[in-house]
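Listed after this line are the structures, all set down as structure tokens.
Two complexes, one shared chain (chain A), two partners (chain B, chain C).
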Partner chain A sequence: MKSTPFLDRLPLRDALFLGFCAGAIIVCKILFRWHLGISGHAMFFTLIGLMVARSCVSFRWGATLTGVLAGLMAMTLGLGKGGPLILTKFVVPALVIDGALLLFPMALWSVATCIVVALLAGSTKFFLSWVQGIFLGMDSTVVVQRAAIDGVGSLIFSLLAALCVPSLLRQLKARGVIRDSTR
Partner chain B sequence: MASRNRDGTSMAEWNITSNPDRAVVLKLEDFSFSYQAAQPILSRINLTIRAGECHCLCGATGQGKSTLALAMKGLLDEGTQEGCVHNSARRHEGDLPFAAVGLVLQNPETQLFARNVGAEVAFGLENEGIDPAHMRSRVESALAQVNLNLPLCTPVNQLSMGQKYRLLVASVLVLQPQVLILDEPVAQLDEEGQQQLVRVVRRLLQQGIAVVLCEHDPHPFADLIDHYWTLYQGGRLASGRLFGEASVAPEREEASNAPTSDEVVVAAENLSVGYGEKTLWTGGAFTLRCGEKMLVCGDNGCGKSTLMQTLCGFLSPRHGELRVLGHCPSPQLLQGSALLLMQNPHKQLTETSVWEELSMSHRLAGHSRCDCRQACEQVLEQCGISHLKDASPHQLSYGQRHLVALASVLVARPRVLLMDDPFAGLDSVCRQRVHRLIDQYCQQGMAVICVSHESGDHDMIFDQVFAIYGGRFEAQER
Partner chain C sequence: MKRKNVDALFMVAPILETPRTRINIPAGVHLFITIVLSSSAFLVRDVQWISTMIAVNLGWMAVCGVPWRQLKRLVRPFAMQTVMLLALYGFKQGQQGVLPAVQVSLQLMLTLMPPIVLSWCVPASQMARTFSRWMPDQAAFVLSASLHFFPMVLSEWRILYQAQQLRGVPLSWKQLWRPWHWRLVLRCLVVPAVVIAMSLAHEIALAARARNFRSGKRSCWMEEI
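Moving on to the complex of A and B:
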């Protein structure tokens, strides 16, 4: 059986939209550089961007591609503290979103299931923070405490993002951005 | 010669002057299209357009005229298509498909994107790689053809809807199309603009350019039209034009049918309006009481929409005194009691379905939630759009969106209703319905101020008629 080439599954319009979402994540990250002292607030914009990107195109790895683009932009602009590892901050939650939508394609259209997907994606912050601490050679107790604080903050902002996404998707569908075939 | 089609529908006379010797520039063969499965918008359309012919597509509001226009321009990329559209019009060797087809959409604001007039018209030339040295003369010539005598640096957002439509016609004409499609040209243009466009169309036809008009009321172009076509429910296209499609003059209501009270709701004395440093007109003096209907007519760009914005409190009067419901107009004070139906309905529709749009309007006006359902159903029925209650208002036709916007302001039951060109994009049946609604709500005490670029038959139903002409606001003889 002949498989469809990768680029044939991603029309130009969808590719541009994914690029727009990646750019929007980075622009929001730059514009809203609040020094609130609250861990994980960037997850709010990241998850909204990734979930909207995946919902508006039929390409099944849309969120991951958006995450890669956003990570590369962040790396190029020198955002955050992770250096090249900042790529993982965008790609890992995106993989969780794509994976969840492979199993439950309509998950982002209901608030309840969207919260579940967002919490799963947001929880990756705990593991990323833990791995980062290990790489830095921090004491294991400190690593776990720091990862827990980051993880809880991330979960709170993921929850807030999940409350916005379904109504945002309904507005986009009403305006014809999301088509039935995409869903 | 009147004829009848297979359904027994009476057809108006149409001139069969198709010349088979002329080159076919556009041909639709068994073309069908649907946005959603099992709901065909266009069904097995067969249409041949030859060079130098003028075709007119008629049909009720929301019947698919604009969709057919998009198909002829090759712009339908969603939905399900069958059959094909052949475009053999080419301006020169290597011309892209459909590049020789020029389309002006019904709502100019969806097609405009440059900041100023010159850039808008020149954009197409830039895409064609025209030498910049030759651009200015071509841009000025195109603007002169549509009588839009404005400096090239004029910001587009300062233009009225009619002026925007003329600008778009110029930006299409500058590319020298072989087929020109105009979607509802009469709806947005004043009488002078229509006559100007008639002259342009006549000249284009003489040059062998084909013209397609999608129009409810094509009477200004009647002498030029070779073929009438009508789109029916289900997307069927038939040759000829229904008599009922022609505009029907509303009957004059007896004065006694419209009870008015002595309470003055809007009063203006020596009013001048404008924006920025510019004064558009002076001398406005009128008094409107509960239950009265007032019409203000004027050409494109004379300041009708500016009057509406001043009445809502979005702009301050330049001079003179203006009172709405006893207050100097301000959006906060007038919220829920004086509502505006905008000229471009797209600007005031925000919800995801027609029903939610009406519910929100009812809620924001402060009415009880208990009677929301009944009020919404009643207004949907009155506006004849009950079948659209679950549809997205953003994906309806221009005329349908106008009706939804009208329903959303009526459901709020304001004391003063301001209507900015409420008849644009509506077929004769819908126009009649809007006339009846205005009358019905005025009998219940609502005061209506309506502005329109066409005085035509509308002044028959209004109690007071004013005109803006030459920068003066003047009462009209009845």
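Moving on to the complex of A and C:
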């Protein structure tokens, strides 16, 4: 049997929808760029965007693709301070969401499991900050402290996102956007 | 939505000189140099190399035609980070922590400065075209179509926002300071916005299929017309 290329299994309509979700993440990031120094607030919109994208499209790596597109858009538009590294800020949490949904396809429909998935995705900020600190050759204690400051903010906003997502998905299902809840 | 902020999304390039007055560097080369400069900032460890990197970055800025007055805009985002690092290092090492803290924040700045210069010098459409050379056709189309049609999606969302306000839904920025209104954002804005995005995606996909997308060779790119 001839295997189809990775992206050919995804209908163009769904791919474009993922693109729009990625765009929505970027717009929210821009709208709430208030420079308040609150770490991790962007994780709120990122997780909602990634989770909605993954739930509305029956593609196993939907969140990852949305993350890649959001990262490329952010790079293209020069958003944030990450440069090429900004891609990891979107892709790594997206990989966590896709991985969790591969194991537990219904995880986003209950608040408790959604919180677990969101906290796992949000904790990636800690690891990314830690890895960046290690590469920069920072003092080990400072690396952990800095990553903890970044990580805690991110976890709080991930938790808030997780509280919104299940009810949002139920409303989308009621309007026929999500047809099969077992995806 | 704040119109000014949303429109700013499509006006990223700041007040740079006209391309005639600076060297015209291809977007791919610019991207490559950016990655090299960014990555080498991770590798430098001592003061000498950091100062060399600063000189190289300033030189690169000059080559790209970024005016010196823009330097303030480049440095500003890192002020908060530097204060935090100074506090953390100062807490642990006292006065001796000042030098390593400054060194690390300079490294951080050197890592992230070239990408900012990249975004100022290379237009979004040129970046999307550069990406499309390395990506599969469909992914490149999705990226460029999302960027191209996103203003349309935004205007649809803006109409939706105004329509909901006309219906009396308390969604103005002032009213949203009250947390009990936040649920309405989900119900009256986010859900219809997803539905609109889905239907627009369907229409664009239909239009692309009508133009034989996917069945033959890529025949044309908007920028090349």
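One rule holds in what follows: the second predicted complex is superposed on the first by the 174 of 183 C-alpha atoms of A that agree within 3 Å, B and C clash if a C-alpha of one lies under 4 Å from a C-alpha of the other, contacts with A are read in each partner's own complex, and residues count from 1 in each chain.
Please note the rule applied: a contact is a pair of C-beta atoms (placed from the backbone, for glycine too) under 8 Å apart; a residue touches a chain by one contact, two chains touch by 3 or more.
Remember, predicted model here, so these are calculated numbers, not experimental data.
In the superposition on chain A, contact is made by A:173 with chain B only, not with chain C.
If you count the residues of chain A touched by chain B and by chain C, you find the higher number for C. Looking at the shared chain after the overlay, A:163 reaches neither chain B nor chain C. Contact with neither chain B nor chain C is seen for A:111 once the two complexes are overlaid on the shared chain. Using the contact criterion defined above for the overlaid structures, shared-chain residue A:102 touches neither chain B nor chain C, since it reaches no partner. Residue overlap on chain A between the chain B contacts of one complex and the chain C contacts of the other covers 171, 175. Against chain B, in their complex, chain A makes its touches with residues 170-171, 173-176, 179-180. Note for the complex: chain B touches chain A at residues 36, 78, 351-353, 392-395. Partner chain A is touched in their complex by these residues of chain C: 1-2, 5-6, 8-9, 12, 34-35, 38, 42, 45, 77-78, 80, 84-85, 88-89, 92-93, 100, 104, 107-108, 111-112, 114-116, 118-120, 124, 127-128, 131, 136, 138-139, 141-143, 145-147, 150, 153-154, 186-187, 190-191, 193-195, 197-198, 200-202, 204-206, 208-209, 213-214. Within the complex, the chain A residues that touch chain C are 5, 7-8, 10-24, 26-27, 30-31, 33, 35, 37, 48, 52, 56, 69, 72-73, 75-79, 81-86, 135-139, 141-142, 145-146, 149, 164, 167-168, 171-172, 175, 177.
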